[in-house]
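Written out below as structure tokens is the structure these notes cover.
Which chain is which? They are A, B, C, D and E, in the order written, and residues in each are numbered from 1.
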Amino acid sequence: MIEFRSVTKEYPDGTRAVEDFSLVIPSMKTTVFVGSSGCGKTTILRMINRMVDPTSGSIQIDGADIGGIEPVGLRRSIGYVMQNSGLLPHRKVVDNIATVPLLKGVKKAEARQQALELMDTVGLDRAFADRYPSQLSGGQQQRVGVARGLAVNPNILLMDEPFGAVDPLVRSDLQEELIRLQRDLEKTVVFVTHDIDEAFYLGHQVVILQKGGHIAQVGTPAEILANPADDFVATFIGANRGKRALHIEETPTGSILVDDDGRPAGTLTGPVPVSGSRDTSGGQR
Amino acid sequence: MNFFSQAFAFLLAPSNWASTAINPIGTRLVEHLWYTLIALVITAVIAIPIGFAIGHSGRGRGLAVALSGGARALPTLGVISLLALLIGLGLRAPIVALVILAIPSVLAGAYTGFDAVDRRTIDAARAVGMTEWQIVTQVEIPLGLPLLIGGLRAGALQIVATATLAAYVGEGGLGTFIFLGIGNNDFVTALAGSILIIVLAIVLEILFSLLQRLVVPAGVRAGRAKNDRPGATRTRAAVGSPLQEGSK
Amino acid sequence: GCSSSNPLSSGSTSGTSSKSGTIVIGSQQYYSDTIVAEAYAQALENAGFTVKRSFNIGQRNVYLPELASGKIDLIPDYSGNLLQYYDAKTTASSESDIESALPGVLPKGLKVLKAAPATDQDTYTVTKEFSTKNNITSLDQLKDYSGSLTVGANSEFQTRPYGIPGLKSDYGVTASLKAIADSGGPLTVAALKNGQVQLADIYSADPAIKANDFVSLKDPKNMILPQHIIPVADKKVNAKATAVIEKVNAALTQSELISLNSKSVNDKQSAAVIAKAFLKSAGILK
Amino acid sequence: MNWILENSGTLLDETLVHLELSIPPVILSFILSVPIGWVANRFRWSRAVLLTVAGLFYAIPSLPLLLVLPTLIGTSLASPVNLVIALTLYGMALMVRSTADALAEVDADVRQSATAVGFSAWQRFWQVEFPLAGPVLLAGLRVVVVSTVSLVTIGGVLGINGLGLAFTDGLQRSIIAEIVAGIVLVVVIALVLDGLLVLLGRALMPWQRSTREPSKRALRKVVAVS
Amino acid sequence: MIEFRSVTKEYPDGTRAVEDFSLVIPSMKTTVFVGSSGCGKTTILRMINRMVDPTSGSIQIDGADIGGIEPVGLRRSIGYVMQNSGLLPHRKVVDNIATVPLLKGVKKAEARQQALELMDTVGLDRAFADRYPSQLSGGQQQRVGVARGLAVNPNILLMDEPFGAVDPLVRSDLQEELIRLQRDLEKTVVFVTHDIDEAFYLGHQVVILQKGGHIAQVGTPAEILANPADDFVATFIGANRGKRALHIEETPTGSILVDDDGRPAGTLTGPVPVSGSRDTSGGQR
């Protein structure tokens, strides 16, 4: 469990990126921060591994204040994946994955062996092991980034818009893969995005942020969708513009679901159930 | 006695500036500046159009880089000696040597200036219907100017420093004091000449850097501060290749 | 901080140091001097000495301190300039005055050997045409010349006692200088030939004078110091070596020096080749 | 041509001395520039100061510098030490800027991610930033090599041996072949050393081969200052 | 009407970007090209204003072969908007908008006046007129780009991923604005994107492309949604992965529409209509 207690971050230039932010991030679930550009998502995420230190307030991991933990060691125990993967371009894929174990003094052969296994875990062909990152596609690079994040078998995985720069098709694959990984490995995933669809898809807990890291709403996707806390949230998730309010329309080629703008959203399958067949209150999966 | 104070005394003595002096400092200074100017103008006339052509078309860059590298390696002393032997005394030899010396910098300034212009900006200019000439004059030149000035600045510095060698073949300039000092075992004169040249070079450097700052297009300057935040991980232009150069 | 010694004259460098038993020979950065130094070297080697060549050291302000500090043992120098280097105010003007004054001004550890007959001194040289047209063969006739006079010479000619100032004080001639840094070399010769200068400072042993039929003006007032080739040596250079060098020197007549220089400048031979041929013809080498 | 063959021994000697004089300034300026460039890149305030000073150094003409330097450091004018120090200063004038630019060019994302996975500052510099700055550093070093080899000839005017002698001697004796040989040898040395650097760069930076060129922007800076 | 007749484009390096491409683009409607990266969208778009010339085949605008039209003139008569706006950084906003009129010789004062009016049209405060592009936000820059595209009052507006780099919220605004503009000004808009949602939202006609410019399906969004032509299209629009097949789920906080992955998509409003209340066959708006 990660807990923020009225954390504020003011950058040296005076920008108050995060103000009085408090939140509990549950273990072994995926928590997604979503918000517009500059609202403080990255700042919040980076405070967890002390890339950024709060100006005031405290952050605890499983009850221990991280202010007292030496940053380099802390970072080595937390996985971190960012947009554009942040791989070291001068190291081969396998060495990139083994970066942190090697820093920690694991023997080279062992670290490489482990890295190859991780490639399987994230669904990367081992044939890529000896390539350089620039020789991979964007999606493959992201997988390497995830593998690197997992290399020290961390409890916590921080992900900062990891899929922001990949093709939509690949992006869907990566999202599915992440859901599978999170479920299988039971990591605490903290994920940042500004795509509300992605947030709803991945998050057990979704945190909608406004400028300054102010929380507009926290909840499961279902809770937020059904009861947007205010106008901002409604606009943000598109409910206001009718984007989420669908109705059925018949077309010559079949019947489809259309939103208030007349934008087709899909087709309706299955009967209207009397009550939810799955428990969706704790998470939608 | 300190050589520097003697040298400054030499430079400040009015008698050394008087036109009756053997080597009036003012005259030598003007000669030096004059050679610098001539060489720089010739260099610019040769190198800038070629640089623009390379920058705009994207062709011939490999050749230009190779030739510039070679030219940069050319020892000016050798070139001046050779040219003086071949074409005799007079300004021609040193000026040609200075021009050869400065061409690589100015050429590079010209074409890298064009390179510096965002491909997408040029592409868009073409797409809205600018002719190639309009692209060169209205987009590439104004946006490439700072680097061109940078190239001219580097070239001017090399010229002003090396114009010293004009005295080697009898054409005066501030090098006179240096060769006179060396030949006469008179360190003060040599030092005085050196100080003058160094000051001249530094003044030129400052003037050019001011000019360079002045010619940065206002819009480019205005926006620069924005993207300066270290560690900014702004969303990269989501997906999609930046437009490749299309055919024209 | 600023050291207060003149960097132009304080030399303590050049890695070469004389080991006992080896004679280190230096030379100026002047082709003619290098030929002579090479001749010394070959003669000494022929006589069984071990020689180390440290040629092209540059100018007097560099090599004389090295000589004094023992880094080189021997160098062929020029009598008048050598004296002036150590005694700028000297009044000596004839060769014999110079040679007798020299031992008194040299640093303790140094000695001069016997000078060669050849002199390689500055001259005011004009074209044959200029000489006949204006009927000028001597410096004291110059003051009657009506046109303006420009001298082509190294830049130090501007201030030397035998340069522009001497011309004025000794002969009442006003001339201006065109500074050309090739020490009377091809550029100066060309300037004289094409009329850019009327007078040129060309060394008396320069073959260009003869080749171009130039006329070197006489110097009745002995304004210009004679510059006989004179070896300066460390005192520890022994008598046997001294004898070998003086024998070489004795063979260096004026015409011989000019012909050596000509082989260098016109035939573009290397110093080693020229020196060897010279020593052979002088009977020093077989 | 004949002349060159007959005097190849002398030319070879001069070439070797030339090399001996060229290489130390290149190495020294590289070693000294790395920490200064690092400071310039690390501390914003120092960047302007250091780069301006470096720029002004480059503005100082070589002959005057060679003359002024001895009064400041107490060497003699014709001393190779004097020349080596002067050329090292020139090398640094170019290299400090290149180093600062090279380090600044290192992708901020990569630097951030290296920090995030737990590189200490020291590890990050040597294992990430320095190698990634390599291509731009190399580009800067190549300019330094070429200009240093060319500048060594100025020593000829002061009586420092090396190929500069071919010019002064060639001019005195009016031997065009000698001057041409000198020029050609200087250019050849410069290009050979440059080529060796390129090969060295390939060997040390294998990831480069498979990738794009180093950022053009950075290279441009290097070109523009030289 | 723009017509492609078996157009092929092979780049000098041998890449066949577009092969045997034929299509009719109707006038005064929005046609959207959508497809993965590198499938040839940009190439097709740029052949319309002769930024790229086809290797073979022909393109006609209103029946006239554009091969015979001088490119510079052609380009000045067609609006062009690209990602990152492509504005001239050294010219003020108003001068950027007036670029083409000025090139055409319109008087400066007149061109500027017109530019100011265009700023109103695209919803930009006139106060920005004297700023430089770099002083605007990404979304504002895009508006300037659109205004520039409209400055010569062209019949055709080409747009190459114009909203690819802006924030999702801003992006929605720009999309709405474009729909309004297109409707009011009745331009023929040719739009490129790789976001299928954007394509469905904006396009009267949507063209789904595969590598090499091969058309996977052409049709109205409704047609495509209801009857994906093949597996590729189904995957691409997300139907395959159940993304578009929605069903209703009850949650404690209300009833929501959920896709096959359990991803909440919205809420169902209105009754299930017996037949379409609007004609959606010619376009969804």
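One rule holds for everything that comes next: a contact is a pair of C-beta atoms (placed from the backbone, for glycine too) under 8 Å apart; a residue touches a chain by one contact, two chains touch by 3 or more.
Molecules present, by chain and UniProt name: A, E = ABC-type quaternary amine transporter; B, D = Osmoprotectant transport system permease protein.
It should be emphasised that the depicted structure is a prediction, and the values quoted were computed from it without experimental measurement.
Student: Which chains sit in contact with both members of the pair chain C and chain D?
Tutor: B
Student: Looking at C-alpha means, what's the farthest chain from chain D?
Tutor: Checked the centroid distances; the maximum from chain D is E.
Student: If I rank B-E and B-D by number of C-beta contact pairs, which comes first?
Tutor: Between the chain pairs B-E and B-D, B-D carries more contacts.
Student: So, what's the distance in Å between the C-alpha centres of chain E and chain A?
Tutor: 30
Student: Using CA atom averages as chain centres, what separation in Å is found between chain B and chain D?
Tutor: Each chain's C-alpha centroid was found; their separation is 19 Å.
Student: Let me have the rounded angstrom distance from the C-alpha centre of chain B over to the C-alpha centre of chain C, please.
Tutor: Centre-to-centre distance between chain B and chain C: 41 Å.
Student: Any idea how many Å lie between the Cα centroids of chain A and chain C?
Tutor: Computed from C-alpha means, the inter-chain centre distance equals 86 Å.
Student: Going by the contact rule already set, what residues in chain D reach two or more other chains?
Tutor: 67, 71, 109, 112, 158, 168, 171, 174
Student: For chain C, which residues are shared contacts with two or more other chains?
Tutor: Chain C, residues with two or more chain partners: 2, 7-8, 59, 61, 182, 186-187.
Student: Which positions in chain E are in touch with at least two other chains?
Tutor: In chain E, the residues touching two or more other chains are 37, 194.
Student: Which residues of chain E touch chain A in the complex?
Tutor: Those in contact with chain A are residues 36-37, 167-169, 172, 194-197, 200-201, 221-223, 225-227, 235-236, 238-239, 241, 243-270, 272-278, 280-281, 284-285.
Student: Name, in rising order, each residue of chain C that touches chain B in their complex.
Tutor: Against chain B, chain C makes touches at 2, 4, 6-9, 59-61, 85, 152, 154-156, 158-160, 164, 177-182, 186-187, 190-191, 194, 196.
Student: Write out the stretch or stretches of chain B touching chain C in their complex.
Tutor: Of all residues in chain B, those touching chain C are 1-4, 22-23, 84-85, 88-89, 167-170, 172, 176, 179-187, 190.
Student: Which of the residues in chain A come into contact with chain D in the complex?
Tutor: 46, 49, 51, 72-76, 80, 82-91, 99-100, 103, 131-132, 134-135, 148-149, 158
Student: Mind listing the chain D positions that touch chain B in their complex?
Tutor: Listed in rising order, the residues of chain D that touch chain B are 55-56, 58-65, 67-68, 71, 108-109, 111-112, 143, 146-147, 149-151, 153-154, 156-158, 163-164, 166-168, 170-171, 174, 176, 179-180, 182-183, 186-187, 190-191, 194, 216-217, 220, 223-226.
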